[in-house]
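The structures considered in this document are given below.
Two complexes follow with chain A in common, the first pairing it with chain B and the second with chain C.
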Partner chain A sequence: MQGEVRIDKLVKTYETRQRKGLIKSEMKLVEALKGVSLSIRPGEVFGLLGPNGAGKTTLIKCLTTLLLPTSGEAWINGYRLTKDDNAIRATVGCMLMGERGLYWKLTARENLEFFGALYHLSPRARRTRADGIIERLSLGDIADRTVETYSSGQKMKLAFAKALINDAPLLILDEPTNTLDLPSARELRAVVRELNRDGKTVIYTTHIMAEAETMCDRVAIIDRGEVLALGTVPELKASLGREEVTRIEGVISAGANEAVGRLAGVSHTALTAVNGHTQLTVVSADQRALLPRLIEALVAHNALVQKIAPEEVTLEDVFIARTGRTLAEDTAVK
Partner chain B sequence: MAATYSPPTLGQSLSSALAEARLRFVNISRYPGQLVLEIIIPIVFAAMPMLLGRATAGAQAGANFEANTGTANYVAFLLIGSNVFTIVSNAFWHMAYWLRFEQETGTLESIYLTPTSSVTLALGLSIYSAVRALITASVSYIAGCLVFRVNPFQGDVLLACAFIAVGLIPVYAVALLFGALVLKVKESNALIGLMQWVVSFLMGIFFPVAVLPPVVRWVALAFPPTWMTNGARSALLGVGFFFDKWYWDMGVLWAFLLFTPLFSFWVFNRVENGVKRNEGMGQF
Partner chain C sequence: MTANTTQTEILRGPAAWLSALAAMAWKELTIMVRYPVEFIASFGQVFVIVTVLTLAGLMFSKGGADNAGASSQTAGLVVYGFIIFIFLSDTLWTIGYNVRREQKQGTLEQLYLSPASKFASLLSRVAVTLVWTGLLSVCSAVLMSVLIGTLPFHNVALGAAILALALSGTFGVGFAFAALTLRVREAGQTAANFFQFVFMLLCAPFFPFSGLPDWLRVVSRLIPLSYSVDAFRSTMMGYPNGYPELAPIGVEIGIVAAFGVLMPLLGYWLYKREEDRARRKGSISDY
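Let's turn to the complex of A and B:
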């Protein structure tokens, strides 16, 4: 069915060379996807949320036929992966690698028309489609300038435009708002919503939880090649049960973090750097009961606390609860 | 929205190939100096042995050359060699370096996301490269002949063009083989550089293949550029075909033309699948 994706136990392993000095090297097996199974319904915006290195891009590269999976099966728009690869490519619009996927010596219009030709559009259809996209994304002022003269944000916008050239029922967008300034990111998200209202299914990968929360009907949290949680945003938040989140900002050592983690009632903690401070996120069953002991433990470990606040559960908290780490950390697959 | 998929027609594939060729032409039009260089370099390249010959043999240069090669027109002989070398060299660089360059800039993954096959893309690239090389080589050959005051159009010009045209297809097929190698080992400059000099030596860029040692001569005959160069020289300058009659030499080039592309695409597809099975096309 158009716009539908079904993935069944998809595994991707590959060998990578590890350099050991000038001459020596050894091959290392990387398990990038460890049996991923999920279904994406037609017409929904589906978020793939996970830190860098979690396996999101590998999954997308498998779904877009850039990589051959080691085992498992997938159906995209009703076409079977590895059997109907040309059909899959023709019916998926994809934004991968951001600005790197463009020809910098060509103009936006030339880029769009070239990719239109690779999707086997007639010369007239290419021109009409390119003009329509340029207008929709307000690229008119820069459409006839070579891409090398664009700002990073303009290049990202054009990369997004390129994903629309084949008017596919399924759009796969890998970190589409990376390097965009706030207004441009907002504008792009609005267009994605509009396209979704027009009936397109969207797979949206991001490591920005707020973006996933506002954009996605359902979210899969991926880490180290596995789907850790899948559901609507309220469902995922509710999966933490009665647990609550407290965030403490200041100068907090790893020792303090460990001490807090050992307190009764604390299920998870994570220490991250935020705007030059450290931020300790504590997931616990009863915030009020915990607070005095929490402060005591921090003071005992010479923590300088600047702000302490109970907060609403976010998707990042769900991630922390599942992994004990934050989304900001790179989690290269082992 | 795009409805169900139907495989591209021959016309659609050709249109995609031409779009690829057009993209390259638009791109090179933004580097016009490169085209001027491609016209000048073969003349300079041929001028070096030409002037050395004049310096060492003086007025006897033509006669000495004729005694060993079958033509006194060493200027055209050397210019044909240097221009065919430029054509072959461009084929290697355009095909193999194209893959590497696109891999590094990220556009290789972009084009692999589309339903256009690598065969179609290679065809488009070959059209661009061949047209570019033929134009610059022709201009360079004629200009070189005029500079050194010899007639560029002596002999059978049409037959010489036929040898070059038929030879181009297996040359691009061999270049695609090197593209596959570059994709596999992720190293382009050294590989292409080495290959272009080996081929230039074997095809007899500045000398007839007959002067090579017997074993090397047999290796040389396994490369299409050797037959292209000798065919063009024989048609224009009468240096003698390998098989005495032009049509036998042409037949060998046709055999290369039929076999080499099939073999190259087979190898390329295997390498492509191997790369996809491992880290992917974009990994450089």
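Let's turn to the complex of A and C:
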């Protein structure tokens, strides 16, 4: 069915060479996807949320036929992966690698028309389609300048425009707002919502929790090649049960973090650097009962506390509760 | 802009293939023209190379420059060898280099995201090479004949057929080098450079095979490109005494024809193999 994606136990392993000095090296097997299974319904915006290195891009590259999976199966728009690859390519619009993937010596219009030809559009259809996209994304002022003269944000916008050239029922967008300033990111998200209202299914990867919360009908939290949780945003938040989140800002050492993690009632903690200070996120069952012991543990480890506050559960807290890490931390795939 | 693609908007079959090929070739030409300094320099440097090679060849030829310059046979030998050399050189550099350049800038990945033919993509680079190198080789041939002597023109139709088969084989070598570039990246270009010099020595494009030591001529006979050079220039020179040098012309044409048909198939097979490997490893967009 158009716009539908079904993934069944998809596995991707790589061999990577580990250098041992000048000449010696040994091969190491990396499991980038460990039997991922999920279904994406036609017409939904489906978020893939996870830190860098979690396996989001590997999954997307498999679904777009760029990578051959090691095992498992997938059906995209009703076509079977590895069997009907050209049909999949024709029916998927894809934005990968941000501003890379454009011809910098061509103009936006020339780029769009060229990529239209790769999707076998007739010359007239290429021109019409390119004009429509340029108008929709307000690229008119720069459409006839070579891409090399564009700002980073303009290149990202053109990369997004390119994903629309084949008018595919399924759009796959890999971190599309990376490097965009806030107004441009907001504008791009609005267009994605419009396209979704027009009936397109969207797969949207991000490591920005707020973006996933506002954009996606359902979200899969992915880490170390595995889907840790899947559901609507309210469902995922509710999955923390009666657990609550306390955030402490200040100067907090790793030792203090460990001490808090050992306190009774604390299920997870995560320490991150935010705007020049550290932030400790504590997921616990009973915030009120925990607070005196929490402060005591912090003081005992010379923590300088600037702010301590109970907070609403976010998708990031769901991630912390399941992994003990924050989305800002890169994942070392094992 | 809903999913409203009509049947008339999408090309199918050979029309789709040819349209994509034309768009790819046009894109290559457009980009080439938009690097004017590189465009002019690469055009100009060929004439400098041609002049240096020609003058050096004349200096060391029997009887010196005066004698050699008067000889139409010398002109044919060097100019027709040069034409094969310049096509081989451009093919080795252009196809592999372009594949690597696109890999680095991320556009190769975009090609693989689309249903467009990957063979058409390789062919588009060949098309550009044909236009560009064809122009260069004609201009160089004129310059060389001015420097050395009048070019002999015999059996033009057969000569053109031999050249076409030789170029087909050369493009096959280019596909194989594109495969090598996918595997070893920049090192593929160093290998192309090495191969180019080996060709200059063993396939004797600028001197007769009789100029090679006997043991080296044995190695030359194992390389199909040697027969392309020998058959093409012998035919265009009207088979003067002692030419072709490596085998009777019928045998040479047979070898050139087999090379012209089989090498593109082998080259493309190698490229497909390397492409599959890159899809397994995820290295299609390796920087």
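What we mean here is this: the second predicted complex is superposed on the first by the 334 of 334 C-alpha atoms of A that agree within 3 Å, B and C clash if a C-alpha of one lies under 4 Å from a C-alpha of the other, contacts with A are read in each partner's own complex, and residues count from 1 in each chain.
Here, a contact is a pair of C-beta atoms (placed from the backbone, for glycine too) under 8 Å apart; a residue touches a chain by one contact, two chains touch by 3 or more.
Everything quoted here is computed from the prediction, not taken from an experiment.
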In the superposed model on chain A, is it clash or fit for chain B and chain C? clash
Quick check for you: in the superposed arrangement, does A:Y79 touch first (chain B), second (chain C), both or neither? first
Thinking of the overlay built on chain A, is A:T64 touched by chain B (first), by chain C (second), by both, or by neither? both
Look at A:L280 in the shared chain and tell me whether it touches chain B only, chain C only, both, or neither; answer first, second, both or neither. neither
Once the structures are superposed on A, label A:Y103 by its partner contacts, choosing first (chain B), second (chain C), both or neither. both
Return first, second, both or neither, reflecting whether A:A90 touches chain B, chain C, both chains, or no partner chain. both
Going by the contact rule set out at the top, does A:L315 touch chain B (first), chain C (second), both, or neither? neither
Contact-wise, after the overlay, does A:R136 reach chain B, chain C, both or neither (first, second, both, neither)? second
If we overlay the two complexes on their shared chain A, which of chain B and chain C does A:V245 touch? Say first, second, both or neither. neither
Tell me the contact category for A:L294 with respect to chain B and chain C: first, second, both or neither. neither
Check: chain A residues flagged as touching chain B and also chain C 2, 14-15, 61, 64-68, 86-87, 89-90, 92, 94, 96-97, 100-106, 110, 113-115, 117-120, 122-123, 146, 162, 166-169, 198-200
Spell out the part of chain A that touches chain B in their complex, as residue ranges. 2, 14-16, 61, 64-68, 70, 79, 84, 86-87, 89-92, 94, 96-97, 100-106, 110, 113-115, 117-120, 122-123, 146, 162, 166-169, 198-200
In the complex of these two chains, what residues of chain B are touching chain A? 1-2, 5, 7-8, 12-13, 15-16, 18-20, 22-23, 26-27, 30, 105-107, 109-117, 273, 276-282
Per the contact definition, I'd like the list of chain C residues that touch chain A in the complex. 1-5, 8-12, 16, 19-20, 22-24, 27, 30-31, 34-35, 105-107, 109-116, 276, 279-282, 284-285
Parts of chain A lying in touch with chain C, wherever the complex brings them together: 2, 14-15, 58, 61, 64-68, 86-87, 89-90, 92, 94, 96-97, 100-106, 110, 113-115, 117-125, 129, 132-133, 136, 146, 162, 164, 166-169, 195, 198-200
